[in-house]
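Just dropping this structure here.
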Amino acid sequence: MSLDLLTAVTIFVLSLLVGVEVISKVPATLHTPLMSGANSIHGVVLVGAMAIAATAHDTLGYVLAFFAVAFGAMNVVGGYVVTDRMLHMFRGSRKQG
Amino acid sequence: MSLDLLTAVTIFVLSLLVGVEVISKVPATLHTPLMSGANSIHGVVLVGAMAIAATAHDTLGYVLAFFAVAFGAMNVVGGYVVTDRMLHMFRGSRKQG
Amino acid sequence: MDTAIQYVLLAAAACFVLGLRLMNHPATARRGNLLSAGAMGVAVVATGVVIARHATITVTGWAVLFAGLATGSVAGLYAARSVRMTAMPQLVSLFNAVGGGAAALLAVSDLIGAHAVPVRVGVPASIDIAIGAVTFTGSLLAAGKLQGLVSGAPIVFPGARLVNVVIAALTLGSGVWLAARPDNTVALVLLVVGALAFGVTMVLPIGGADMPVVISLLNAFTGTAVAMAGFVLGQTILIIAGALVGASGAILTKLMADAMNRSIANIIIGGFGTADDAASAEGGAQGTVRSGSADDVAIQLAYANKVIVVPGYGLAAAQAQHEMAGLAQLLTGHGVEVTYAVHPVAGRMPGHMNVLLAEANVPYPQLIEMEEANGEFARADVALVVGANDVTNPAARRSGNPISGMPILDVDHARSVVVIKRSLGHGYAGLDNELYTDPKTTMYFADAKQGLAALTAAVRTFVG
Amino acid sequence: MDTAIQYVLLAAAACFVLGLRLMNHPATARRGNLLSAGAMGVAVVATGVVIARHATITVTGWAVLFAGLATGSVAGLYAARSVRMTAMPQLVSLFNAVGGGAAALLAVSDLIGAHAVPVRVGVPASIDIAIGAVTFTGSLLAAGKLQGLVSGAPIVFPGARLVNVVIAALTLGSGVWLAARPDNTVALVLLVVGALAFGVTMVLPIGGADMPVVISLLNAFTGTAVAMAGFVLGQTILIIAGALVGASGAILTKLMADAMNRSIANIIIGGFGTADDAASAEGGAQGTVRSGSADDVAIQLAYANKVIVVPGYGLAAAQAQHEMAGLAQLLTGHGVEVTYAVHPVAGRMPGHMNVLLAEANVPYPQLIEMEEANGEFARADVALVVGANDVTNPAARRSGNPISGMPILDVDHARSVVVIKRSLGHGYAGLDNELYTDPKTTMYFADAKQGLAALTAAVRTFVG
Amino acid sequence: MSDLTVGVVREETPGERRVALVPGAVSRLPTGVVVQSGAGAGAWFDDDAYAQAGARLASRAEVLATADVIVCVHPPEDALRAGQALVGLLQPQRRPDAVAAWAAAGVTAISLDRLPRTLSRAQAMDALTSQASVAGYKAALVAATAYGGFFPLLTTAAGTIRPAGVLVLGTGVAGLQAIGTARRLGAVVSAYDVRPQARGEVESLGARFVDLPGAASGSGDGGYARALTEEEGRAQQAALAEHIARADVVITTAQVPGGRPPVLVTEDTVKLMRAGAVVVDLAAGPLGGNVAGSVPDTTVVTDNGVTVIGAGNLPATMAPAASTAYSRNITAVLAHLVRDGALSLDLTDEITSALVVTHDGVTHDGGAR
Amino acid sequence: MSDLTVGVVREETPGERRVALVPGAVSRLPTGVVVQSGAGAGAWFDDDAYAQAGARLASRAEVLATADVIVCVHPPEDALRAGQALVGLLQPQRRPDAVAAWAAAGVTAISLDRLPRTLSRAQAMDALTSQASVAGYKAALVAATAYGGFFPLLTTAAGTIRPAGVLVLGTGVAGLQAIGTARRLGAVVSAYDVRPQARGEVESLGARFVDLPGAASGSGDGGYARALTEEEGRAQQAALAEHIARADVVITTAQVPGGRPPVLVTEDTVKLMRAGAVVVDLAAGPLGGNVAGSVPDTTVVTDNGVTVIGAGNLPATMAPAASTAYSRNITAVLAHLVRDGALSLDLTDEITSALVVTHDGVTHDGGAR
């Protein structure tokens, strides 16, 4: 996984642009679920935490890795579930438009 | 200018996503100017054409390079100018909203 | 194989984008979240495969990994499922805190474990740790404030401003130091401690009403921290997802602040000093009043099956009958059943509402009388009270006041109540209306004409 | 330095995105185009600097470079400035053609000059050449059709379908071959020739009315080709900008097709066989009728200073008075001056329009009489004729027909005319109305009630 | 250019308060105007107003003697002299004797009720339309005033008042105007006409069109209805009965050109109606009306409590408005007929040829009607 | 539970067509009902209808003899017996003699015009409001019918007709209803009232409120206006004059509790008005009206062509609607006063104490008014 800085920055910038564009005029009622949904996405830090766990080799490393993985997992699992619960109330959306 | 395929694809995909998101609900009257504007942007091929010219070293290369550069320049210059002319008619846009 | 997995991760990242996009619309939001969750699952499994294939992981490593996964998942799942609807925002804040913490830990662990860290990783690592740590304590505190564990009022102590500046300077300084010397443990510790402290001092002076905006802002922070972690670890998916959340979170924060008529700068900077006054619009002694925006009300209306409109003198005073009829027509056109419940003494003359609604060409069959309406409220999703007051005031059911004994429209029997008026001001009888503090009630403070126009526009964005 | 320039190029790419974003709204579109143009200038200069610094370029190379730049720029500038407004679409198509051509040339030149081309470049190169060449001839042909150099009618000859399939297969085959063997010149030549031919056969059977959609599609093609060229040359900015245009162009094409009630598949596949019937809605013998969508009309109204509404029997028949008043109110609220010109015999009874507009509560001062209105049309940006026919028919100015000598509303004196009615059907007097073929006139075919509602919604998106 | 003198006489018909030319129209005429003193009094236009507008006031005899063109609503009984022109709603087919007298005397008689009404450019001259318009508006008011209930729906502390059901029969100009006015007042309006195109016009005013499955439909020439056969008429009456019985207010306006107005509401049907119901018969006149038993200019209450109002000349009750509109029609006709200060009758002109009843001793039948 | 019998007598007041109880209300009463034969005829309710609704028909004498409670609009002149109750619009302050007689006879007199009207729960009993509502609606119709022009604006081939300008003076219940009705008809309506809160109410009906810079403003008790001083009154008259002069139609409804109606339109002001203008005076009555020279129940045309209509009892001209609403009020009052089949007067109750005029020989002044 080599990544030179320019490439990393390029990807970063493009992702920022995507992030800016992807939020349109959202109804206020969706603000919180949307925030929660975005919150779950940065739970992807779990992937990084797993990589750390994979390279850890001393106690400090294991401890850090444990917390990183646990935190990440909590962010991911809790985040998606709570978002889904929030969105439950829009179930009534049976309109065509 | 080395670029491994994975990175190139990553950038390509991200740019596609940006492209998809960047077009919102556009009034029909702007369709043509917007198309023209996008048309100008792919005039960036000129940059590639310049690179080709920089590495050309035989007649065929020069000829190809000449056409590539001329085509690209025409796309860029003509594209932006014509788009600007089209957009001239929206000058009257003095509303606040 | 590794490359293939990288493509899988890229696809997952693209799905995050798609998921967020779908979450912009009520009708597709849930699907969006599921897509995003699915992509996340794929990404985790793919990473697991990579780790297994490389086989550099120790057995303890595996144990730690699974223990962490299990602990985090169970905790997250439990918290998410058991939380009450009203407590969800603080839970989101909590999840955000652990996300930020994890991002900071990544960089810390990388720096500690590293032997010859190239300097240029120092910059993102330093940013990652700073932001991650600030988010960690800041989000925890925000959650605590919302939950009531910490006072929701802005907490300001003498010299707070000075302390803040000192801590900020310390954090900044150690951050720069660490960026330059990524292997310096002192710098690392200083930065961690400073940032954790700054998270606290940043959120402490901000009032409870502004918390949603702050949480959203901290959410964007975490995104950025995760992206930086991606730089440190060289993981593209972290960069993409992190930047995505960073940018979209920032936009969302702006939208949220706009919807509340606040500016982000005001909230953060204003936090250091002035008390916030967003809550002053709320009810006096008798209870709390929930007020909503046009969008909030619009979504209730757009997704209702049955709406009963209760017009009152305010509708006439604002001459908003055409806007009212227009809104009703829009809703009817999208399959919502709309009727008008006309109270016998609504307005200021017999038949006032009839004259008004006739002017707006509301067909007679849409008007229902009080008795009939009172039978129907229980089946209504929304009772939309427009400029009416006395005729909906439950005080009439008690004795000892000027409207005692007057039959009223039982709007409080509807599943939810929306009241459009300019303030909590009184009606003809000069009485407070406890309907406004009913937990079912959303107040939409506006002149009826302007308010209904805004509402119509908002509804249109949903039913489009 | 080189890295710095790469960052500059990245910034330029970001500016392209921003520019496109700004071009989504009428008010900022021009700024967006300028930003995009500026970024392009920067990118070109930066590339020039890189070339100069590396100094591998020959003197001839420089000469070729500058000659090409000059030739292209002058040609582009001249064409863009001298073209008539109405001929712009074909010019855009021409620019698109040369862009696609350039993209193809890049790959060709790279493959020819290459010694040991790694196989994986073969795929993008092959795609680049195929798409670029198709776009080149396809766009040229599309421009020719629009310009009238080639018949605008769908051109179908016996066996066309077979020829098409054969050429497509040839192109595909040689493309795969070239992808596998990037140094095989035969494959290269075959691919180029095949793709050029396919561009022609693809566009030939498509009718003139569908050309805008086709041009937009070819535009997206070029974007993709350029992105592929970026893969071949390893130039990030080409990948970003190309993919950006590829994706946004595709979305735009879909929007355009939707606006014309066509599907892209229909246009392309339908091209091979059925004649297209989009033009059949157009006028009979006497002239061409220009019809517009709600969006087209809405933008005219939203950006007008003065609108005069001419109501007629159709407004009453559709009972659209409330929608009419709503639209007028919306416009008035955004600073447009709206009045109603009431013709003495509009409708079917004396005062019909008055009864109607009174029902919608249109204030009396907004009604103006015929004489006054006829003095004002010249100052009006839009005359909005809603369900009126005879009272606007210029035939009244001639003798020898049932309405000769009747004074009419001189809507044709307004800067532009919009007519809302369901068809080109006649009014009470049973006469054709030459107003509808006036070049100033846009017909918006709709039932007045539905049409005005759609129009209101559309206007709201502009002034909202 | 005013060689020509236009004379205005006071209307002598009982109950007629209109005047053929209002002061405001005097200056619009390119001719001299002489007005009988007191001619406008019924419509609240006093002699001063005429004088100020530039008219000369005179006695009736003097007006009749000096004017080249006499304008009127109803034709005066006075003898006219050769070469003199008479312009008004002359109803020639109901006055064969007068027509003969005018022809004999060499009077040019020009009748506005012979106008080809579907011709768009003739609309400014269309006095039948302008007067029917007044009548229709007033009919709704008369009905509302006579009716003991509210027209609109009202929800009040003293109970909810149901809106009145108004049925309009015959939806020509007057009928449509009555529909519009009754709707404005908040009544629930339905309407019926024998011409098929009436449906769209009724609905364009927001009223409901009544379908009569059994009844014939009949358009005649010039936008008018044809007279139904006796059998068709009876079928229509029968089909209408139930609708009429349900109505609180019925307004009838049906006419057929030249003939007597069709009877739409029979005596039996009136008996079916509720006590307190109101019927306004705009067709009531010397030849009968749309309602059996209606008496012109009289209000009759039947035994079962139905008020039947014979309202054949409602425009006269709104004399100021009706006269103002009528003057406009008259001036438009004169503008059409007067060339260079003299009456010039181009009998090849579609409009002129239709309008002229007698000229130079010859009687014209005006084609249609 | 019907130990109690409610009696309905025929109204004797000249021109009064209302009846205190309509057949539809009979069954809503928890008591027996006895109705004088022919009592409802003026409002088109025949005896059959009463009988079907469950009432007993009887002669006047029998009704007066048997009924425990007599309901009426205007109080009957007949002598009543001790313990009998009389419910109606008794106007006690205008009938001191009658009040004394009731007290002397031991009659319980209950007058609806003493109701505390600002009390929301009393609104169903508010006969003044229900009748004023009818009067206001009818006033606009009467004005429109009397006026020689159109109320709405109409653009026609025979010229454009300007809308009528209607001025409403006094915007209580009747005034507001008149505004609403005139606006419905398309008139341009402006209005004035002395109470400051009237502005909002006028504007809430889409009419323009007339500002009188010089004039006093005056609210009294119970939502009513106070009587102005003579000087204030004169200033008001002067300030109103120019507005009245500009109007085509003026409708006046001003009242002050107990006193005589204020004169708002003086004789001089009427002289300023245009010929053809119409004034409807809803306050016209025995004590005078808002318009100098208005005569109750009479239409006067002034020398300068202004039609002044004294319309003090318009509800009687809409007897069916007015009676129906009035019955609702009466039944609401009875529902309030009747407990367990007997009249039970709780004089500590705010409403009851206000309503009772005489009871057990004692005369109550009812507090306010």
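Worth pointing out:
Read from first to last, the chains carry the letters A, B, C, D, E and F; within each, the first residue is number 1.
Note that a contact is a pair of C-beta atoms (placed from the backbone, for glycine too) under 8 Å apart; a residue touches a chain by one contact, two chains touch by 3 or more.
Which protein is which chain? UniProt says A, B, E, F = proton-translocating NAD(P)(+) transhydrogenase; C, D = NAD(P) transhydrogenase subunit beta.
Nothing here was measured: the structure is a model prediction, and the numbers come from that model.
Listed here as common contacts of chain B and chain F: C, D. Any chain that touches chain A and also touches chain F is listed here: C, D.
Counting C-beta pairs in contact across D-E and across D-F shows that the higher total falls to D-E. Looking at which positions face the partner, chain C and chain D present mostly the same ones, since more than half of the interface numbers are shared.
Farthest chain from chain E, judged by C-alpha centroids: A. Rounded to whole angstrom, the centroid-to-centroid distance between chain A and chain C, based on C-alpha atoms, equals 17 Å. Between the Cα centres of chain A and chain D there is a gap of 39 Å.
The distance from the centre of chain C to the centre of chain E, each centre being the mean of the chain's C-alpha atoms, comes to 69 Å.
Separation between the centroids of chain A and chain E, computed from CA atoms only, is 80 Å. Each of residues 123-124, 129-130, 133, 152, 154, 156-159, 161, 184, 186, 206 in chain E touches at least two other chains. Of all residues in chain B, those that touch two or more other chains are 3, 10-11, 13-15, 17-18, 21-22, 24. In chain C, the positions touching at least two other chains are 17, 21, 236, 240, 344-345, 350-351, 355, 358-359, 361, 464. Every pair of chains meeting the touch criterion is listed here: A-B, A-C, A-D, B-C, B-D, C-D, C-E, C-F, D-E, D-F, E-F.
For chain D in complex with chain A, the touching residues are 3, 6-7, 10, 14, 17, 21, 236, 240. Of all the residues in chain F, the ones that touch chain E in their complex are 43-44, 46, 123-124, 126-127, 129-130, 133-134, 137-138, 141-142, 144-145, 147-150, 152, 154, 156-159, 161, 181, 184-186, 275-276, 305, 317-321, 324-326, 328-329. Residue ranges on chain D touching chain C, taken from their complex, read 321-322, 325-326, 329, 359-361, 457, 460, 464. Interface residues of chain C facing chain E in the complex, by the touch rule stated above, are 342-346, 350-351, 353-355, 358, 361, 364, 367, 369.
Listed in rising order, the residues of chain E touching chain D in the complex are 118-121, 123-124, 129-130, 133, 173, 176-177, 180, 183-184, 200-201, 203-206.
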